Amino acid sequence: MIPLDIRVQAKPFDYGQECGRFAQQTGRVGAVVTFCGIVRDTDTGALERMEIEHYPGMTERALTQIAEHAAARWDIKACTIIHRHGPMGPGEAIMMVATASPHRADAFAAADFLMDYLKSRAPFWKKEITNQGATWVEAKDSDEAALDRW
Amino acid sequence: MIPLDIRVQAKPFDYGQECGRFAQQTGRVGAVVTFCGIVRDTDTGALERMEIEHYPGMTERALTQIAEHAAARWDIKACTIIHRHGPMGPGEAIMMVATASPHRADAFAAADFLMDYLKSRAPFWKKEITNQGATWVEAKDSDEAALDRW
Amino acid sequence: MKRDILYFAWLRERVGLPRETIDTNAATVAELVAELTAREDRYALAFSDPGSLRVALDQELSDFSAPLGSTREIAFFPPMTGG
Amino acid sequence: MKRDILYFAWLRERVGLPRETIDTNAATVAELVAELTAREDRYALAFSDPGSLRVALDQELSDFSAPLGSTREIAFFPPMTGG
């Protein structure tokens, strides 16, 4: 088994610090890819905050399964997934994934795959609170369609 | 024009710190993807160091052109490329790219494209110095073939 | 049989509670939804478009035709929006 | 016409110098390569497999059939291996 580091947490994390640590620990294999999703402003009004609900227990389970699928399919030597829940403000990191591989194509494909599956198969729900009120973010058809790529 | 930050340098850089800074400055657009290439051990003997030669002047020009192509093709809001030359030891970061986009697919595709083009079209040459002697790294057919994806 | 039913996101808000334990004879997820819908308007409203909902049986994604079998925990929620 | 010729990586090592200025009447890259090859064994060795080499004219990738025109700087090198 490759080292899987899966964290579901309310507290903020430092994306740069996590990238540095991941590369330090696993980078000697050659190629590292990271993705970070960050709270951004919406089209429908100034975002005050985002709130993420999740399904404790199932979340960790789903993320582990997704990471194991990626590890079975590509030659990755390590994988980190961090995902926050609870309230967070614009500019804060929501989540990140990191993959390390001897081959850059594998590191890219595995990170891209993790994001597609995490988006539509891990039990998180985003709510945006703007000066116009609160709205649950709707899933996009394009997110579900993205799974067909794999 | 989007902010392009292109650096060709002999001195080491801190991948984690650069990721943090990039996300801080540009992350509010939503999605950040980074890639880092790190000196790894070879199959043919313990690597003592790697030496990278480049073509001053043309290197900066080629990297800028590649980044501009990526920015014309995908909706990216910022792009950083850092590439070292000269001697470096195992575990040290050779280079990195970072892209920021409102859409995760664009951030991934642009970073992947940058890596493919940088690999085969930017004037860098790697030499590996092991206990068996010094060898110029040979370009792989698969690297040239990767360009056909785009 | 006693089973735990969980609701998340706007489904939780419409039903008005995050979880409850109910005693049910439903054999499938669809039968359970029919039973819940018949209980009260807030359930009927919450489940008015089941095609837009997802279900997990003991924390594994499943579908509405699945038998409940020995499932302890049944969760209903809208499509996920993580990442 | 005077032109700067640059060599990189193992090509530089085989030719034995990183750059030189030569006076040449070559009209194309291929003619210039023929002229260099005829000079000395180390050039002949370095350019023995031109298909494996790349050329840049004034810092833009080009090819061996390209006319030199007013090009000031011609660089020869093996396929690139950055990243």
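First chain written, first letter: the chains are A, B, C and D, and each begins at residue 1.
One rule holds in what follows: a contact is a pair of C-beta atoms (placed from the backbone, for glycine too) under 8 Å apart; a residue touches a chain by one contact, two chains touch by 3 or more.
Computed from a predicted model, the values in this text were never measured in an experiment.
Trainee: Compared with chain A, which chain's mean CA position is the farthest off?
Mentor: Using the mean of the C-alpha atoms as each chain's centre, the farthest one from chain A is D.
Trainee: Quick one: chain A and chain B, Cα centre-to-centre, how many Å?
Mentor: 23
Trainee: Rounded to the nearest whole Å, what is the centre-to-centre distance of chain A and chain C, using the mean of the C-alpha atoms as each centre?
Mentor: Measuring from centre to centre gives 26 Å for this pair.
Trainee: With centres defined as the mean C-alpha position, give me the chain B-chain C separation in Å.
Mentor: Averaging C-alpha atoms per chain gives centres 48 Å apart.
Trainee: Show the residues in chain D shared as contacts by 2 or more other chains, in ascending order.
Mentor: Answer for chain D, listing residues that touch two or more other chains: 83.
Trainee: Scan chain B for residues touching two or more other chains and write them down.
Mentor: Within chain B, residues 37, 104, 115 contact more than one other chain.
Trainee: Which two-chain combinations touch?
Mentor: Chains touch in the following pairs: A-B, A-C, B-D.
Trainee: In their complex, what parts of chain D are in touch with chain B?
Mentor: Checking each residue of chain D against chain B gives 6, 8-10, 12, 56, 59-61, 75, 77-83.
Trainee: Contact residues on chain A for chain B in the complex?
Mentor: So the residues of chain A in touch with chain B come to 14-21, 23-24, 27-41, 90-91, 93, 102, 104-105, 107-108, 111-112, 115, 146.
Trainee: Of all residues in chain B, which touch chain D in the complex?
Mentor: By the definition above, chain B touches chain D via 37, 52-55, 57-58, 61-62, 83, 94-95, 115, 118-127, 136-139, 144.
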